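For reference, the structures are reproduced in the following blocks.
Look for chain A in each of the two complexes below; its partner is chain B in the first and chain C in the second.
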Partner chain A sequence: MEPQSYARMPRVKIRELRDDYARFELRDTDASIANALRRVMIAEVPTIAIDLVEIEVNSSVLNDEFIAHRLGLIPLTSDRAMSMRFSRDCDACDGDGQCEFCSVEFHLMAVCRNDETQDVTSSDLISSDHTVVPVDFSDATIDASSDGISGNKKGGITIVKLRKGQEVKLRAIARKGIGKDHAKWSPAATVTFMYEPEIHINEDLMESLTLEEKKEWVESSPTPVFDIDPVTQQVMVVDAEAYTYDDEVIKKAEAMGKPGLVEINAKQDSFIFTVETTGAIKASQLLLNAIEILKQKLDAVRTSLDTVEADDQFGELGAHMRGG
Partner chain B sequence: MNAPDRYERFVVPEGTKKVSFERDTKIMDAASFTIEREEHTIGNIIRMQLHRDPNVLFAGYKLPHPLQYKIIIRIHTNSRSDPMGAYNQAINDLDKELDHLKNAFEAEMVKFSRDY
Partner chain C sequence: MIPSLPKLVLPGPPEILTVLLDGCIVGGIPSSEVEKVVAHIRRLKVSSPAVIPDDLEVGYVPLSMGGAYPGLYLSTSPSRFVRPVRNISLPSDGSENIELIGPFEQVFMEIKCPDGGDGGRKSSFPATHEEIHPTVMLSVVANLTPWSDHNQSPRNMYQCQMAKQTMAFSSQAIQHRADQKLYHLQTPQSPIVRTGSYSKYDMEDAMILNKSSVERGMFHGQIYQTETIDLTEMGGKSRKSGLTPRMFRRSNVNKFGSALDADGLPHVGQLIRPDEPYCSIYNSERNSVQTLRKKGTEPVYVDYVAVDVKNKKDLQKVNIRFRQPRNPIIGDKFSSRHGQKGVCSQLWPDIDMPFSGTTGMRPDLIINPHAFPSRMTIAMLLESVAAKGGSLHGEFVDATPFRGSVKKNNEESESKSGSLVDDLGDMLRKKGFNYHGLEVLYSGVYGTELTCEIFIGPVYYQRLRHMVSDKYQVRSTGTTDQLTKQPIKGRKRGGGVRFGEMERDSLLAHGAAYLLHDRLHTCSDYHIADVCSICGSLLTTVFIQQQKRPVRQIGGLPPGRAPKKVTCHACQTSKGMEAVAMPYVFRYLATELAAMNIKLTLKLSNQAGA
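Let's look at the complex of A and B:
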C-alpha cells in the first residue's frame, strides 16, 4: 500500500528573467523550503574558481598573495561545475587536484613595454578549457573600447596595473568548490525572498478621513505603498510589495485615532524571490541547481538498512543485549 | 593556526556514518536522529515536513554547538507510526515537492520565454 503523502505542490511564476537576474513568485509552500533554497543557492551550489597559483615572475607593485587572492575572486563560467569532481573526491589524480576531471589550468603572461600604464585583466587569462573562462561583463550596448567602470581598454576585471618594464607570469589551477568553503565559490551575488503582503483598507473608516488626513496618512509610509485616486479621492494600494513591514502606517492610523484603518498580513505560503548571480551560472540555472543539490542532500540523509543505532550508553554490552 | 580545516564543516570523516539514531529509553515511539555535517538547511525542512504528518506528536531539531558540525532531529510519534517511518516519509515527501518544483519552474521558463 502506498503510504499517504503529505507533499506539497508548489507553484512558480516568473516575473523577470535575464541571464544574471531572476525575480519570481513561489507559492503553496512554507518558509523552510524558501529558506533552504536561498541558503543552498548562496552556499552550496558549486562553481569553479582559481584555487592554486604558481607565480613565476612578479615585478608588479602587488605582492604574490595579493594577486593570488584577486585571481581567486574572479568569477569563471561554471556550467561544467555540476558534472565536475571535487578534487578531494577525485581518484584520477589521487588528491593532487590537477587532472582534467577536477581542475582547469590557466596561464597569464603580461609585460609592459610602453610608457603608458598597462592593465592586466581577467581577459588576459588563457584557459585550458574553452567552457571555463572568466565571465565577460562587457556590454555590447556600451562603447566597446572601454568597459565604462574601470576605464580599461579591453574590458574584463582589472587584476593589476603595470608600468614600463614590469612583468607578471603565472600558472593558476581552478577547482570546483562551494560557497560554504570559501565565498569565492558562491554563484550568488544576492538571493533574497520576502513574504507577500496582503493589505486590506477599512473603506468605511478611510472615508471618515478628510482629503488632508488621507494625504498625511499616505505620506507616513516610508515607501510608496499607497496613493490617492485623483478622481475619486479614494486611498488605494499602488504597490503592496513596496511595503517593508515597517508598521509606520499602522502607527500613524493609531496616532490619528483610527486604529484598524489598515490591516497588513504577511502571507505565510507565498514568497517573492530575487536572485542575482555573479555570472558564473545563469540565474535560472542557479535555482535548478539548488533544487538538485537539495535533493542530493536529502538523499544522503535517508536511513538505510546499515544505519546504525547509536549506543553510547552501553557500548558493546548494548549490542550484546540486543543479540548483536 | 589551530583553526579546523574549512572542509571539516561539510565532509563526513572516514569511518563516521552520515545518519545514526538512538531510541528513547523511556518513551515509546520516540527517537533522536544524529545527522553528521548538516545544519539548518536540512534540519528545518525535515522538521517542518514532519509537522505536516498527523501521526507525529513532536518533531524538533537542534544544532548542538557551532563547532560540532552535526544536527540532532528528535521525533515522537503516536502508535500508528514510528520515528523511523515518519523520518523517511518526510524525506520522500520533500523529495516529491522538489521534483514538482523543478518541473513547475521548467514549465514556467518555457512559458515565460514564449510570452514575453
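Let's look at the complex of A and C:
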C-alpha cells in the first residue's frame, strides 16, 4: 500500500506590508495551522519588556506598582529577542541585569522644576543597550512642533506626569519573555484571520427581481459586498472579503421569498490574515519568528519519546512527522 | 326640656389665616385672598428675585379636615433644601420660569410630571408647577442606570444597592488623605462583554475574564488603610510632665534584623508581610520596646507615613497608610449597572478567547446568556449596542430613561426616528456592523467559526468591593474552644465553617454515616473517656500516678511508658473501668448536670440495642 502523504504545500501571498501592519493570504492549509500561527504570534513570539523595577525615589501621584506596571507595558525594540536567553535559563547570571545575554538595564530620572506639568515619557528611559530602546512612535509625517494634542513633542508613551518638585528615579531591568507569561511580552496588537468567502449569485433568480428589489437586497448587507452595475443593472460582487458571515443577505433573500438567491461558503483552506504589532518587532519579522517557533514546537513533538511510543497509535502520521 | 349643657357652636372655617415669617407671626390674611397672595408671591419670586429672595419657601397650608393647621408659613432662613421646578402658571415668554421650592411647601403644591399627561388631575386640581425632567423622581443612584425604564424594576433596585459597593476612582487627593479604609480603582473603563456560553465556566452568574486584559490593567485596584498610632492614648501618663513615657524608637537589640527605621517607623514603599512589625514604640519607664505587627493574611506596602507635629518637642501621633494591591483574581465580584452581578470564575489567556475575524477583537469578559431571560434587563443589551455604536462613531449616547415621554414635548427637534432600538441599530449598520449587535466569532482554541452569532459590545462593569481575599476561609486543624474542645468559628482566628443541623440532616438523608461521623466526631471534639461500668459515672474516674519504678533502658530505646492506672473514686476500684469514645461536649454536659445535682450514668454494653 502506498503510504498516503499528508504533506501540504501552503502558499503565502503578501497583500500589504508596513512596519507594524501586514495583510496576507495563507492558502492550501487548514484551520489548525492558521490558528496555530495566530496563537503563536500572539502568545509565543518573544519580545523584551521591563520586568523588574527598582524604585529609588517616587514622589509622583502614581504609586510604585502602578508605575512599574506602566513601564512593563511599554514596547521595546526586540529584534534581538530571538537570540537572547530567558533569564531563568541563563547560566551566566541570576537575571539581575548584570548579564548582557539575558537582560537590559534601563534608568529613568525625572524631576519637575517648572510650574508647568511635566510628562515623563518612554523616551526618558535611558537604555544600556542601544538595540533595545522604547519604540519610537513619532510619526515623521507629522511636524513635531505642531503636535497640539498633549504638547508631547518627544512622541513617547506617557508614564507619569509630574508637578513642580516631584521626582521619579528608578532602575528597571528588561528581560526576554513571551505573551503567554504576561501580556506585556506579546508583540501582537491584533492577529486575526478570516476564511475567504466564495460567493455564487443565482443569476436567473436575481434577474427575477426588479431594480428596486435588487437595491433593497444589496443594501441589506451592512458591509459593501455587492453592488449594482450602473450599465447592465446586474448585481455583482464588488468585495467578497468585506463579507463578515453575518448571513444578512441570505436572511433578506428568504424574507423576499427568494431562497437560494445567493450561496456563500467559506473556503476551508484559504485564510486572510491581518497582523498588527505593538512596534516591538516588524510585522514581517513577527510572522517569520512565529513560523520558526512553530517549527521548534513541532520538532519538540517529533523528537519526544512519547511520540515514538505513540507510533502505534498514529501510524503513518507519526512517521510523516519525523520526516518519513 | 332645657339642656343642662351650654349649647356648643362648632367654629366655622377661620376667616383670617395667620402669616408667619421665619416662625414669627407677622399678621393675618383673609382666607378668601390667600391663594391670590401665594400666586403673587410666587410670581415675584421668579420674576424679581431682588424684591423677594428666590429661595423663599411659601408654605401655604390650606384648610382641611384633620390636616395640618392652616396658615401661610414663609421661610427665608439659610441652609434649607431647595430644588428647581418649572412654574407653569406664569406666562412663559421665552423664559423657563424656574422656581426653587422647599420640602415644606412641596407637599401642598400641584407639581406634575412632564410626561405629557396630567397625572390623573383632570380639571379639579390643575397643576401649577411641572418637574424639569421625568427622571427627577429618581434618586441620584437610580439615575446612574442607563435606560432604567427598560429594566424589570427589582433589577433597578438591586443596582441601587450594588452601586454603593463599587470600587471607584474615589478621590484625586488620596496622597493627602487618611481614610480608615478606601477602595481605589486604578483605571475605570468599559470592558468588551460577550454573551454566550464558552466552556462551562460562566454558569450560574460566573464570568470569564480575559487574563491578558487584566494583565494590561483592567480592573486593577488597591485598598488604602490607615493605622493611627497615638502614644497619648496608650495611657501611663507620668504625673510630673504630663507626657507619656512612650516614644517612637527602634529596638537597640536587633537593630540590623529590623526593617524599621531608627525612629521606629517603616520606610515608605516598604513591603510588610503579615505578622511583621510596622512600628516600634520604646517605653522609657520600663525600658522595653513594643512592636505593632500587621494583622491580616496579605502583604501590604507602606504608602505614606504622616507625623503629627502639633507637639513640637517629641512625636506623639503618627498615621501610617498602607496600600494593598488588589488586582482581579478568581472569586472577585463584578457587576454591570443592571443588577447583573457575578463572580470571576476563570482568567483566560487572550489566545483562548473567541475572536472576531474582521476586527480581531477578543472579549474582556464573557457572561452567560441565561442571565437575561428571567431577569429581563433589556437595558443592559441596549447599553451594549449603544456603547458599540457610540465607540464606532466616537460620540456619547444619551441613555436617560423616559426618553419617549420627553420627546412628545419637543417633537420637532427629534428626527423621524422611531424606536430606540432602531436608532441604535442604524448607528451600527452605518459602520458595517450587524444591526442587532451580533457578530460572527471564531473559536480561539480551534480557529473554527462558532456556529451561532454572538452578542458582543462594551458594557460598563463595576468592580465590587467583595473580594475573595477578604472572604476565603480554610482550616484543617487549628485552635479549638477551651470549654468544648470543638473547632472555633470566625475567619480571622482560623476557625472553621459550621457544619450545622441542616447539613447534618442532608448527610443523614444520604445515609452517609461514615462522613457524618467523621465531620461531627472525628474531626471535631473526639474524646476517649474512662467510664466506670459499676457506677456508670464518667466523672468519678481518677488517674493514679504509678510509683516511679526504675525503668530499665533497652538498647537505646526510649523508656516504655508506664501504663496509666485509672480507678473510680466512688467505687474505690479500677475493676470496671472502660474506655469509651464520645464527643467532649458530652463530658461537659455531665459536669454541667452534676453542678445541678443531677447524676448522669452510662450503661455500658457490648451488644447492640442492649
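Side notes on the structure shown:
Basically, the second predicted complex is superposed on the first by the 286 of 324 C-alpha atoms of A that agree within 3 Å, B and C clash if a C-alpha of one lies under 4 Å from a C-alpha of the other, contacts with A are read in each partner's own complex, and residues count from 1 in each chain.
Rule of thumb we're sticking to: a residue touches a chain if its C-beta (ideal position, glycine included) is under 8 Å from a C-beta of that chain, and two chains touch if they have at least 3 such contacts.
Every value quoted in this text rests on a predicted model; they were computed, and no experiment measured them.
Looking at the shared chain after the overlay, A:L287 reaches chain B, while chain C stays out of its contact range.
Contact with chain B, but none with chain C, is seen for A:R302 once the two complexes are overlaid on the shared chain. Once the two complexes are overlaid on the shared chain, A:D246 sits against chain C while remaining clear of chain B. Looking at the shared chain after the overlay, A:H182 reaches both chain B and chain C.
When the two structures are aligned on the shared chain, A:K13 is found in touch with chain B, with no touch to chain C. When the shared chain is aligned, no partner comes close enough to touch A:L211: not chain B, not chain C.
Contacts of A:V231 after superposition: neither chain B nor chain C is touched. Contacts of A:S32 after superposition on the shared chain: both chain B and chain C are touched. Common to the chain B and chain C contact sets on chain A are residues 32, 35-36, 39, 180, 182. Contact residues on chain A toward chain B in their complex (touch as defined above): 3, 5-14, 17, 24, 29-30, 32-33, 35-36, 39-40, 44, 88, 178, 180-182, 284, 287-288, 291-292, 294-295, 297-303, 307-312.
Chain A contributes residues 31-32, 34-36, 38-39, 42-43, 55, 58, 61, 63-66, 69, 73, 179-180, 182-184, 186, 190-195, 222-224, 242, 244-248, 266, 274, 276 to its touches with chain C in the complex. Interface of chain C with chain A (complex): residues 175, 186, 211-213, 215-217, 220, 222, 269, 301, 303, 323, 325, 349-351, 355-361, 428-429, 432-435, 438-440, 444-449, 453. Taken in their complex, chain B has these residues touching chain A: 6-7, 9-11, 17-23, 33-35, 38, 40-42, 44-49, 52-53, 84, 87-102, 104-106, 108-109, 111-113.
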